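The letters A, B, C and D name the chains in turn, as written, and every chain counts its residues from 1.
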Amino acid sequence: MSNDTKPSTYAVDARDDVLGRARVIDNDELLSFYKELEAHSANAFWRRANEIEPWEPETRYSPTIWRYKEMRPLVVKSSELVKPEEAGRRVIVLVNDSDPGRQNSAAVGWLFSGLQIMLPGEITPAHRHTASAQRFIMEGGGAYTVVDGHQIELGQYDYVLTPGKCWHDHGVFDHGQVSIWQDGLDIPLMNSLETNFYEVYPENIQKPAFTTNDLPLVYGNAGLLPNTGQTWDKPYSPMMIYRWKETQDALFNLAKCEPGSPYDGQIVKFSNPLTGGWAMQTMGAQMQMLAPGQHCKAHRHTGNVMYNCAGGEGYSVIGGKRFDWQEHDIFCVPSWVWHEHVNLSSSEQAFLFTFNDFPVMQALGVFIEEALQTNNGHQALKP
Amino acid sequence: MSNDTKPSTYAVDARDDVLGRARVIDNDELLSFYKELEAHSANAFWRRANEIEPWEPETRYSPTIWRYKEMRPLVVKSSELVKPEEAGRRVIVLVNDSDPGRQNSAAVGWLFSGLQIMLPGEITPAHRHTASAQRFIMEGGGAYTVVDGHQIELGQYDYVLTPGKCWHDHGVFDHGQVSIWQDGLDIPLMNSLETNFYEVYPENIQKPAFTTNDLPLVYGNAGLLPNTGQTWDKPYSPMMIYRWKETQDALFNLAKCEPGSPYDGQIVKFSNPLTGGWAMQTMGAQMQMLAPGQHCKAHRHTGNVMYNCAGGEGYSVIGGKRFDWQEHDIFCVPSWVWHEHVNLSSSEQAFLFTFNDFPVMQALGVFIEEALQTNNGHQALKP
Amino acid sequence: MSNDTKPSTYAVDARDDVLGRARVIDNDELLSFYKELEAHSANAFWRRANEIEPWEPETRYSPTIWRYKEMRPLVVKSSELVKPEEAGRRVIVLVNDSDPGRQNSAAVGWLFSGLQIMLPGEITPAHRHTASAQRFIMEGGGAYTVVDGHQIELGQYDYVLTPGKCWHDHGVFDHGQVSIWQDGLDIPLMNSLETNFYEVYPENIQKPAFTTNDLPLVYGNAGLLPNTGQTWDKPYSPMMIYRWKETQDALFNLAKCEPGSPYDGQIVKFSNPLTGGWAMQTMGAQMQMLAPGQHCKAHRHTGNVMYNCAGGEGYSVIGGKRFDWQEHDIFCVPSWVWHEHVNLSSSEQAFLFTFNDFPVMQALGVFIEEALQTNNGHQALKP
Amino acid sequence: MSNDTKPSTYAVDARDDVLGRARVIDNDELLSFYKELEAHSANAFWRRANEIEPWEPETRYSPTIWRYKEMRPLVVKSSELVKPEEAGRRVIVLVNDSDPGRQNSAAVGWLFSGLQIMLPGEITPAHRHTASAQRFIMEGGGAYTVVDGHQIELGQYDYVLTPGKCWHDHGVFDHGQVSIWQDGLDIPLMNSLETNFYEVYPENIQKPAFTTNDLPLVYGNAGLLPNTGQTWDKPYSPMMIYRWKETQDALFNLAKCEPGSPYDGQIVKFSNPLTGGWAMQTMGAQMQMLAPGQHCKAHRHTGNVMYNCAGGEGYSVIGGKRFDWQEHDIFCVPSWVWHEHVNLSSSEQAFLFTFNDFPVMQALGVFIEEALQTNNGHQALKP
């Protein structure tokens, strides 16, 4: 198979006819030379240079929205059709409406996401993997997770970690309610890096080895770290869960003191209190609050983001297209696509939970951001 | 003046008669040689070697206690005798009962401490210095500090920072109450390092430039850092104040989860949420809680500690001597002196606020700690 | 297009019939449910779970060798067929003999590599990109590169950086010789991350703005950093070039002192003297030396490696297959594939230059390594 | 003893009669109050405030010079009068010509320094201490040190480390020559911090456990770190010695590329190749080179510096006073004292080795520097 029969997946630009870009005109001698190269596991750089060195990133992923009123019945139906112990995890995967999305089960970019439903009394078998996971609780009560023996109770709009390589299982207590949460994992990244390992736990579930909620109790006190002999040398936040009330309070506190970001309104990042960095190495998460009537400005950046509306209603313009959202709706913004957010209510705040792959971009030195300069910072809507 | 007329301030030990220690026997020729050296700004190492290289540190400071029932009347009296604008700051200095303490106004080691009283309507003129300061509020209400334009309200048992080089002033609002707090500064360290600079502010006081309490509102949310465009590149905690309720809650949370330190009971350090380190570069602070009836074990370490009882009653054995304390009493533990704490109440917790120079010891690689191995970890009381 | 028509690219294992893995048996109701999901940009996790969560990584790349005796004539021929200013850069790309290799022009994993030839008097136009580049000089003399205005002369077996976002151009002086080097770039990574930007310089080439070789002269002195006012805040090594003589000397020095690695013999990493880390954020490079007759043991690790023999002759067993190599031959080891190296000479050392994506694996916490435990650490050769 | 009978050691300034400084006028009531305070281990802050919070540092140390032509005979004489095994170490201590210098055996500030002489065949018994040491070899050959089992050979103008807590001993081989070196230790700092511990080794000397010079061989290759399995987790440079030839070459390299510092000419710091920081935590060292005829500008900074002329001749103006120096002369610059250096030769470079306590100042955030703005940056000479 010839290298050049594969259609280009990157943009080729009229600007390419300049010094510093490839602009070789093929002839018979060259075409013959190319065949010789291909026979030696080689190719001529200039044949693909402009494609593999684009002027700027052009994402292969599409802005996609998953409306909860459509997704919830499907998620509930899954709980009637399969058992978690047969499914591994009973998750409905959110698949980006693009070729690479379908290929690697990505919601957008390096991010996998799904909706998981657990019924009272159900458990998911314990296991671990190199991929990191996080959950954002959308509905229910009486759910829990156990991470490396630490049991943590989950409430609505809590954000909880399952860092890579940790044993974990989860479930809903018998007295609990039907619970639905959004999972976020870096599975596409781990597979692309060819670093994904998986193990099942020797027992069906872990026996909790500590006081329930010990990690957030011990490490979740603002500016107050335990000094009773603990050493935490793991590369992720020891808090493990960030609760909705504290998160919402933090946003209200911010709003008392400052105008907020022009692109995101008031926004806090879930951070590791031992380092000030993101809570995990490969995925970050944030919660943002738009003031009543707020219309943010547009910007774009490298890195991918999944949004989940945690209250309120509004819309986002992504790549020039409007996506309306309300509570529980989920949507994505791919790399280097313009986006801006609007709160449609004139009286209520709107909340957007997000998770992203920014820690990867930052660790590798390629987080790049740009504000829209034209039209007072707002995109023109595409027809 | 001969070098050797100065009495040694370090211990000389019978163990010195071994290979590896100085044990030169003086004779006339040597004495003559020493005079020659002194005439050339020199000395023979072996004359002072065992003194300047002791087997272990022998502190020049004494364990000292300042009982509040004695100190409070003196502090109140100071408010009748001088005005803060005449005194610079109206502070009663706690002076270690030792020669170096009196010489450099140290409470213990590198730590300066004093009791400051402010009456309603009083202010202290704005100024700044290389030395860092911190305050622990003991009595009162309606007090505030302004640090680099950020105004912060002070409540009982709050711990508040005034990092080195920041402009600061403080006062009590007209409607407030008589307020007394403990100051802690690294003045002895800054003077010994010959790095202390001082400036008075162009105005009497700073005009607050931000929402009151903005720094703790913005940075004091557990694991939730603002991401609206702030960058904090200063070498100290942006939280600036740690409030008593949150501190006490953190200790109760810890107590639910773990046994605590054998030496300190439950203990939290006031930390910088951006780094996980101490809140300032040269002084640290902690709050500890002893369970009813708890008798901690003895240990010793390099570094100096000032204690302030924030509730309860008990005693500490320091260097084999018992010091009884109750609320507001202040005492110190010098470097490398054995100490253990006891809560005398069988029903109530006891709380000890401490500040220390551990950040210095740790930054320079000389924080060294040892547990008492004998007598089940308890000191014998000296007669 | 249905999600499940795409053939799996990951291994599915007989071990999957256990609790903790997906093992749902499809039926008509489920198949109908799957169609409904696909219509909503969704899928059932358990349909792809075992595939996207493999037990361990199974690389999509093949061990490949590019023998210089075959590649050199092709490289020389390229210099007769195209001009560098038409080609952008006149590079023969080394393409992994696998489907993803051909698709993204990767030599292995995230690594792009090619052979570039420059004739005396030729230049390559100045440009920059987010992707980082490095060069290993294989033949020639009188070549140079200019990186952000710093001109650096290139000698045989020198290793030189072109970090991402730096302006760069290169050429051979009129009095120089035909020069051939191996390029290594992280183009596949940058494209997968959707972060690749490209710009051409306003002029054809940069005018050198500093003393020739100033960066290695100023920063390339072991343990001796300039303190004349420089601040280097860039995330890559200021040395910029690592010369062959110093590299070889370092290996000889190591050999005097210690036995070396069981897998790599004596090996040094090209590091940033300001941090002790890799010279760049996304790619690392090393030089290793095998003693005469040395037969190293086998190990495997995540991350990808390109090898270039810088002297001597031997072979490597990669994934159970033997690859013989001699000077200038290039080969690759993909992620998690067993490999071991052998020096076939009984009198001469063998040298292997390598570059890798380990900095990515380490920054993301997924560098995992394993030694072969069976057969005294040696692989069985596959027929 | 009353607190106020101690004469102030800090400056009191006429500028003190301003708001923000202490300016209480004593009266009988106050004097009586002061006595009451003193009886309670207390004092009034305003009595000492201006003294302990000076406007700027005023050093207690004097610029001092130790001329080698005077010191060398004394050092040689010490070798005739005592044996190293009796003296512990046979060192002539350089004592600052000031009260605190004599009191704590400091050469300047926190720095101890001495001249040590070793005759062929002599050894110094093995020991260790919390204090860190460093040596600068002035004369001789065939000397060595053993640090934690690593034997290192010492040549003229080499700079060698003995970090705190490391076992060490040293000597001169039987075939070697009389050797003299300058010792630099942080003994005054360790004693002031009350953290100094001392131990003698179980044997007279350590038996070398590694290849001679293994640490500089393994870690002293510019930008080339070993990757054969070593982990170096100690807080000091693994290079351990910095050799004169490499140091001199580095300065010549710098001189080819840039103008150098206006205050120090060409200057390199001895650094830890794993961190880019100083080689040890509490003391730093540098080598500087003044071009023929160079007259540097004046600056001042916190921190203390010891100079040792490693070639050439010139003078320094320190605090307005001229100090002429030639090879082997040693002098000091105390904290916050203006200083500038002049090379008196019109044809030869002058070299100044220095060691300092800058790492302490920087770790604690109090390294402060100022350029002289008047008189074109040159001090007026005091009569």
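We take it that a contact is a pair of C-beta atoms (placed from the backbone, for glycine too) under 8 Å apart; a residue touches a chain by one contact, two chains touch by 3 or more.
All of these numbers come straight from a predicted model, not from anything done at the bench.
Colleague: Quick one: point me to the chain whose Cα centre is farthest from that of chain D.
Modeller: Max centre-to-centre separation from chain D belongs to A.
Colleague: Determine the centre-to-centre distance between chain A and chain B, using the mean Cα coordinates as centres, and give it in whole Å.
Modeller: 45
Colleague: State, to the nearest whole Å, the distance from the C-alpha centre of chain B to the C-alpha centre of chain D.
Modeller: One centre to the other, that is 28 Å.
Colleague: Just give me the whole-number Å value for how far the CA centre of chain B lies from that of chain C.
Modeller: Using C-alpha averages as centres, the distance is 53 Å.
Colleague: Where in chain A do residues touch at least two different other chains?
Modeller: none
Colleague: Go through the chains and record each pair that touches.
Modeller: The set of touching chain pairs is A-B, A-C, B-D, C-D.
Colleague: Sort out for me which residues of chain D touch chain C in the complex.
Modeller: Those in contact with chain C are residues 210-211, 214, 217-229, 237, 239, 242, 246-247, 249-250, 253-254, 256-261, 264, 266-276, 279, 286-287.
Colleague: Enumerate the contact residues on chain B facing chain D in the complex.
Modeller: Residue list for chain B touching chain D: 1, 3, 6, 10, 18-24, 29-30, 33, 36-37, 40-46, 48-50, 52-60, 64, 66, 70-71, 74, 77-78, 81-82, 85-97, 102-105, 109-110, 112, 114, 125-127, 129-131, 164, 187, 189-201, 204, 235, 281-282, 302, 334-336, 360-361, 363-366, 368.
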